[in-house]
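Order of writing sets the labels: A, B, C, D and E. Residues in every chain begin at 1.
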Amino acid sequence: MKQKVQQAVSPIFLRIEQLDEAKYGFLLVSPVFLVLSVLAFYPLVKTLYFSLQDDDLTGTHPIGEFVGLENYVQILSGDANAILSSPFFDLQAPFSSALIVTLLITVVSVAIGTVMGLGMAIILNKEFKGRRYARTIVILPWSIPIVIQGMMFFLLFQPSLSPFVEPLANLGVFSDNPLINSQDSTIIVILIDIWRKIPFIALIIMAGIASIDRNLYDVAEVAGATKWQQFRMITLPQIKPVLFIGMIFYTISSMKIYGIVEASAGCSTVPTLTCLVVQTFRQQRWATASAIAFITAVVIAVIIMVYIVRFREADAS
Amino acid sequence: MSEQEYSGLTGRIVQYTIQNSADVYRLGFWVGLVSFIMITLFPFYWLLVLAVTPDNQLYQMGVVPENFNIGVFATVVQEYPLHHYIFNSILIATITVIVCITLGSLAGYAFGRVDFPGKGPLLVLLLIISYFPGIAFLIPLFELLTGSLSILGTPTPDLYNTPWGMVFPFTMLSLPITIFILTTFYSQIPDGLEDAARVEGTTRLGALFRVIMPLSAPGVVTAAIIVFIGVYREFFFSFIMTDGSPENWAVLVYGILNFQQQHTQMYNMMAAASLIGIIPIAVLVIIAQEHIVRGLTAGGLKE
Amino acid sequence: SGTGNGSGDGGDGSSGGETPTAEDIEYNGEDVTVEYSTAPLFGNISDQLQQAAYDAGLPESIDINFSTTVWGADDLQDRYNQILSAGRSTPDFMLTNFSYTPFFAPREWLLDLSGVLSDEKMTELENDYSQVMVDSMRWDGGLYGVPQFIDIPTIQYRKDLVEAAGYDPEGENWATEPLTWEYFAEVTKAAKEEAGTDHGYTSAMNQRNIGSISGYEHLVTNGGNYFGDMSNQNGPIGDRPVTIDEEQTIQTLRQFRTFLYGSDDEYAIEGLTGGITPPNALGWDTSPSMESFNAGEAVMHRNWSFAIADYGSEEKFGEDLGVMPYPYGVAESEAAYEGTGGTNAKLGGWHLSINPNTEKLAATVEVIKAMTSDEFYLTIFEATGSTPPKPGLFSSDRAQEVDVMNRYLDTLQFQSENQFAPPINAVWDPQKSAIGQEFHACLNQQKSPEEAVAAAQEQVEQIEEQES
Amino acid sequence: MGEVNLTDVRKEYEDVVAVEGMNLTIEDGEFVTLVGPSGCGKSTTLETISGLTTPTSGTIEIAGRDVTNKPPKDRNIAMVFQNIALFPHMTVYENISFGLRLRDFDQEEIDRRVEEAVEIVQLEGMLDRSPDELSGGQQQRVGIARAIVREPDVFLMDEPLANLDAKLRVAMRTEIQRLQKELGITSVYVTHDQEEAMTMSDRIAIINDGELQQCSPPLECYNRPVNTFVAQFIGSPSMNLFNGQVDGDDLDVSDFSVEFDTTNTPLQQDDPVTVGIRPEDIYLAADAEDIAHPSRPVTVTVDVLEPVGDQTYAYLLSETDGETTELLMSVDPDKDISEGDAIEVVFSRDDVHVFDGRTGDAITHSLVDATAVVEEVAVEGEA
Amino acid sequence: MGEVNLTDVRKEYEDVVAVEGMNLTIEDGEFVTLVGPSGCGKSTTLETISGLTTPTSGTIEIAGRDVTNKPPKDRNIAMVFQNIALFPHMTVYENISFGLRLRDFDQEEIDRRVEEAVEIVQLEGMLDRSPDELSGGQQQRVGIARAIVREPDVFLMDEPLANLDAKLRVAMRTEIQRLQKELGITSVYVTHDQEEAMTMSDRIAIINDGELQQCSPPLECYNRPVNTFVAQFIGSPSMNLFNGQVDGDDLDVSDFSVEFDTTNTPLQQDDPVTVGIRPEDIYLAADAEDIAHPSRPVTVTVDVLEPVGDQTYAYLLSETDGETTELLMSVDPDKDISEGDAIEVVFSRDDVHVFDGRTGDAITHSLVDATAVVEEVAVEGEA
């Protein structure tokens, strides 16, 4: 049986093996892109098409006539703010404008989360007794369903329920009722986001560190490098690509933050971009929702572009 | 350095630090470790407190629960088929992981180790998928996966209430990160080892599965964990793609949200169910993390 | 009344939506299973409900498959959105909320029941049901759902504490004679101080609740409304008055400020007793708002009817629990707008609607018939405490025998006759969130009542304009 | 089995040409050794033969089949890598049996072959270790074993014995040769060890800067190098080379001259030449009678004596007109000379090589009978 | 600077003892070479000195300071690794300057030193390449450069020249030695190359199976090996060893015997002995007059002749009573013998070694004057 299969398959493999680099590369990536064109690109194109139509609130279908970029213009100019639960962008009210809040959450969360994740990875990479359990424990926050992550923090910062709010308020960290205060709530959302993403970034970095050839540390040690120098000159450059990937996906995910917001402070207190998408979507303003989704994607694209350029630069020098 | 330079308390600390750098280093390590574990565990402790605090005693709860009601755990398991939901989640996550790692490995190999034109743009295209909130895919994807769309006259298969209805969207959502991680790790395996495998008679794909993947174990395992956890706790698509009964592949979060009533939430039950739901992940991570311990590249290659 | 003849156009594959013929709804007795998309509340007692349906005359050849999703009107809406827009044929019928009406009805994503229900049932709906409840599912002459149960907000309070402070609820017949807000505040304050509880009056007042539920009710009892007369609730959009920036609204907000912060507040109403509601309530959804009352640390508590069964149980407050209708600020006769003033409360509750694409319409209609029978309503009432949408049933023998609840049926019946439905149209969502935000900012002492109502007025008008 | 044929092979990396115009035919069953300075393109040549690298231009044939663009697995070769490249995630056993397992040999056959190979490389009892638990030499031997179990058509070995001690190296050398001959496997072997090259090869290919210089049997390379590069490269210690010119019947080097009849050579009066003499072709004048055609004696001083066991290297200095020339001579350890001594030495004129001073190409390999050689060399130089 | 002192060092891996009871003192500025068969523990010994491995027991002192448990960075050593281990993410320049950059040298100084080192290892113009763009030998030279820029107290080099061709190897060898002497850096050097060991070392330490056998100056190891292991290991081709026994005034080997006066030795009649003769101490009987104390001639047949340039190895067979003994002899290439010839050979009795047949320990290194040696050997054997 096995033989037969092999006989049948081997000419194919032979063919594949003899392809030139370019064809071979395309062949290998083709399954993924085939799957994705159906599951991702087709829906996206359709969504893009939606975003160029009018919302139809009364017709038989929520999508109305073709209006071109009208939806985008309305959203970006602020004309659509009225129907959005929070303005898309409004310098007057930074804590209630989705773009600003989302960027703020992302910047702060990524900066702190990455550094802490790195620290955690380094610590968990050392050998000590019970390390496997420490690693497991430390990864767990990330595996809790998002609703529950939000719920935990919602209850943690509910002044009437939680024993922690008052001490924190007395210390001046938060107000008496942090969850109704946009500023405090934003900080809380950032905290949750950091708390749940540290394991993610730490895990990726841990894998990166694990893949470094131990011999290099031997060489460095003999050359007299201190632990810090070893970190700076070997670990860091070696995990740079992995760290880069981790940060990119961390950033993307924070830019799309929604679930924990909804489950903790609520979208009206901490409006994020995805909040707007979900809310307009629920109101069957599919065109507007699609347009906001595309704007969100463009914003993310710009940020990621900056990352890639900076990474290239750092790599070149 | 003369002795006088280190006077006063700070001076002494500096001096101690320099002379006992190993001790200080170790101290830092333990402080770091303990604080990370505390940061991580505290919310879990909080979840546990929530679980054992009886439903109607949440008001002005203490740091230590006053009334223990361990019974919730039993209730959650006995009265609701939580294990069934968990099983569904595990199965769906496992299938997704397998699909993602398989497809992702092929692409990761190509992106990481084969030179072909258009590599950069294709990678960016891949990344773009993850720029969109999941809901942006929802309408077309739902039609596609529930047989509401016909292509050339034949309707697409109806995957509603099947694991595939979830596996496909999850695969789509997880592929970009999987491929990016695998690409990074695969590209770091020295050419020499692949060369050796190929000279021994493997095809390039053979070398991928026999040499490059095993050597990238930390990366592969990490990608697998990331995908697994992502799927295991996902709710948006799982909510839309099944009707909520465990027989129809409803997932863990359904089981947990069972305790959300119209106007109230049974926080203790939800907390208990979440804690139970974490057990499989804990087991998975305990097993899987062994592979992230140390790369295997050491000692193989002279370079 | 005719049903629209548009199809439930959601996808190319959809096929439902044809006006059903008499033949379609004639159940022929074959074995069939219909799928019912419902909430855990019912899913968890599906056996009992199925039996009740049989008892109510459902042919035994019809099996009901309860698919239990989750609670949460929003989540369910997302789900129905998908299922209905894609034209799926299952579930055959489902539990729906009236907030879906403006989104599903105009698109014919739900079946117009006026074409399938018997004339007898239609008459019953018009005569015996809570009219606001039935009307909430009407759209453009069609009927898109039959009430399954109704949620009635009331004030639940500690009779023992109130009595200890020297008041006489029984004697003054609080159960069916609403108090004024002034008196209510006075009682609350006195009872709170006498008993030394943490709080006086608690209610869910977070952003989500304040504009569309707790604050809205309060405004209506003060004779105000957002769109003038209650007949303007649903429209015409753009052609109705927007009446937020008015004295009644400001007054309402000031009342709240007084309740929250006492007479020290800049905008407190002189003479009104204050300091009875904790500012924490501004962060509360229903669930957290219950905790302090639950713990015995509040005197008065606004909540939906479902909570009564729990609070009034022997393990809890038992006979010490009192229930009264919502207090009022302005008598109905003096109210600025028709349908406002006097005691009033926001409508809550759920309906049963039919998927227009169902392939088992006849059987589904049979099930709906059984599930909207008096027997079935009472079974739900017994099993879950969810109140029947027919006020007359409160006085039925079976209802009178339901433990705990039977003590409060008068109040519930009374309040159910004084309920209003929020606007049911597509612009209400953004409007309510704008109002909620402004009100919340005011109660949170970030804005003055005048500023808040002006801002809310402006935003609501803007939406009216854009969407007319 | 099969001959290997490289035609005009060229391999460029971004800015480096690693191999240039390589024409080389290795007969079926032949054992050819590649030698050359570090970085001259030996490994690259092997890689093009193995298929791991596609040449920038040129073709590669194995057994008459053009395999230039075929993947390695279609070439049935086995290779020992310079960087060893053991699979770190496999045990020694798994490493060695890797190629066999790919080919679905039955378990018994695999075990038998592995056992045999392990015996040859003397690694008994280490089958279950992982590569990082082996010493450098042990790892290298696993690499050899992995190649030899395969019994391929072509063996490519890149410095397979670099990390082994002399004894083991001799043993392994013998074993590899035995196997190669027994199975008739065409082999290309890279080594930096002269002795290995001399004793194992059917032919030695000397490469410099990516270009093939000479490919001839070992002794011919030693005795009849085609140019100064080969002359210097082959032989350790290497040949003494002096620049000089034709002066009538003599070749004049700075401080001495040797008689030479240029009649049968293209050399003209005053033409620059390079004269080459191997250290072992220099004798103490006292022993001059031992050789057939001694040169005129030259007076030198002994600068350094370096004993290396069975021989002693004497570094000699000869000074004329302030110019110093260095000479290396190998003498019997029991000859009675010491550092600082002034001694007289003679060359064996039969063994003095003359090269064109401009191109470095060989003109003759003996001062005594020059005629025939030149032609021959010329022919070979083009081969 | 400083002497290195290993006392009773033992290193065990799970089931292998890699180094056992190692006592070795390397004087300040001394150059000691470790040699021994593959897997004998050379690299492990270096690793314990460097601090990369902590010995299972025993102590290591550098410059009189006990550093057994100190990390490598406190030892000021530079090391060339057997597996080279360049930093793949750094260019050649960055690799070489790594150690200097750690120490905050100023940029000029770094550049100057790197340039110097690069010149020594002949890698000019490759500073900007990344390691994977280098040939094996080039990589190894980067590894050497990385160590020599450092000017540390102790040099540890693990087969640094393994991948280099003979010419470069000689050049590098000279440079390393020059540097080492100039800076007076104590050096421990591992090599499998006899010539390297013989020419570079102040002393050679021969290790077998983790145990130190002998540590003496090169010629002494060659001429006065303490046991059969050293005798066989040092010298290439290696010493001929024959088992025999004492028979009156003779030592009897299967098919020949040599005269030997056992008076001053512990040997008794019939005691088993091992007789050792180096290939270059065997002469054609015709040349017997060249040596002071020739043995009785032995008749042998020439089996194989293996020319290696300046010498020819003759594999001889001597047969008696059906038993065949193999002998290896090195002869001048111009001696007139051919394969299959029956010839007579003699040994130089001054250079015949006798070892205890049971323990393998040396008894004498000359049959002519045996007395003094034994004592000396005995003492040295314990050093």
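Here is the rule we go by: contacts are C-beta pairs under 8 Å (C-beta built on N, C-alpha and C of every residue); 3 or more make two chains touch, one makes a residue touch a chain.
Owing to the predicted nature of the structure, the values given are computational and were not obtained by experimental measurement.
Engineer: Just to be sure I understand: going only through chains that touch, what's the smallest number of steps from chain A to chain E?
Structural biologist: Step count on the best path from chain A to chain E: 1.
Engineer: Which chain would you call central, comparing Cα centres to the global Cα centre?
Structural biologist: B
Engineer: What is the distance, in whole Å, between the centres of chain A and chain C, each centre taken as the mean of its C-alpha atoms?
Structural biologist: Roughly 38 Å, centre to centre.
Engineer: Any idea how many Å lie between the Cα centroids of chain A and chain D?
Structural biologist: Spacing between the chain centres: roughly 59 Å.
Engineer: Roughly how far is chain B from chain C, going centre to centre by Cα mean, in whole Å?
Structural biologist: Computed from C-alpha means, the inter-chain centre distance equals 40 Å.
Engineer: I'd like to verify one number: the distance from the centre of chain C to the centre of chain D, where each centre is the average of its C-alpha atoms, in whole angstrom.
Structural biologist: 96
Engineer: What positions in chain B touch 2 or more of the other chains?
Structural biologist: Answer for chain B, listing residues that touch two or more other chains: 58-60, 138-139, 190, 203-204, 257, 265, 267, 297-299, 301-303.
Engineer: In chain A, which residues are in touch with two or more of the other chains?
Structural biologist: Residues 17, 160-161, 213, 215, 281 of chain A each touch two or more of the other chains.
Engineer: Where in chain D do residues touch at least two different other chains?
Structural biologist: 71, 73, 82-83, 133-134, 136 - these are the residues of chain D that touch more than one other chain.
Engineer: Going by the contact rule at the top, pick out the chain A residues touching chain B in the complex.
Structural biologist: Chain A residues touching chain B: 13, 16-17, 21-29, 31-33, 35-36, 38-44, 46-47, 50, 116, 119-120, 123-124, 126, 128, 132-148, 151-153, 155-156, 160-164, 195, 198-200, 203-204, 206-208, 210-215, 227, 241-242, 245, 248-249, 252, 255-256, 258-259, 273-274, 277-278, 281, 286, 289-290, 293-294, 296-297, 300-301, 304.
Engineer: What residues on chain A touch chain C, complex-wise?
Structural biologist: So the residues of chain A in touch with chain C come to 57-62, 82-86, 96, 158-161, 176-177, 179-181, 266, 268-269, 279, 281-284.
Engineer: Given the complex with chain A, which residues does chain E contribute to the contact?
Structural biologist: Against chain A, the touching part of chain E is residues 50-52, 71-73, 76-79, 81, 83, 85, 87-90, 98-99, 101-103, 146, 150, 156.
Engineer: Within their complex, state which residues of chain B touch chain C.
Structural biologist: Within the complex, chain B contacts chain C at residues 56-60, 138-139, 142-143, 146-150, 155, 160, 239-240, 243-245, 248, 254, 257-265, 267.
Engineer: Quick one: which bits of chain D touch chain A in the complex? Just the residue numbers, please.
Structural biologist: Checking each residue of chain D against chain A gives 69-71, 73-74.
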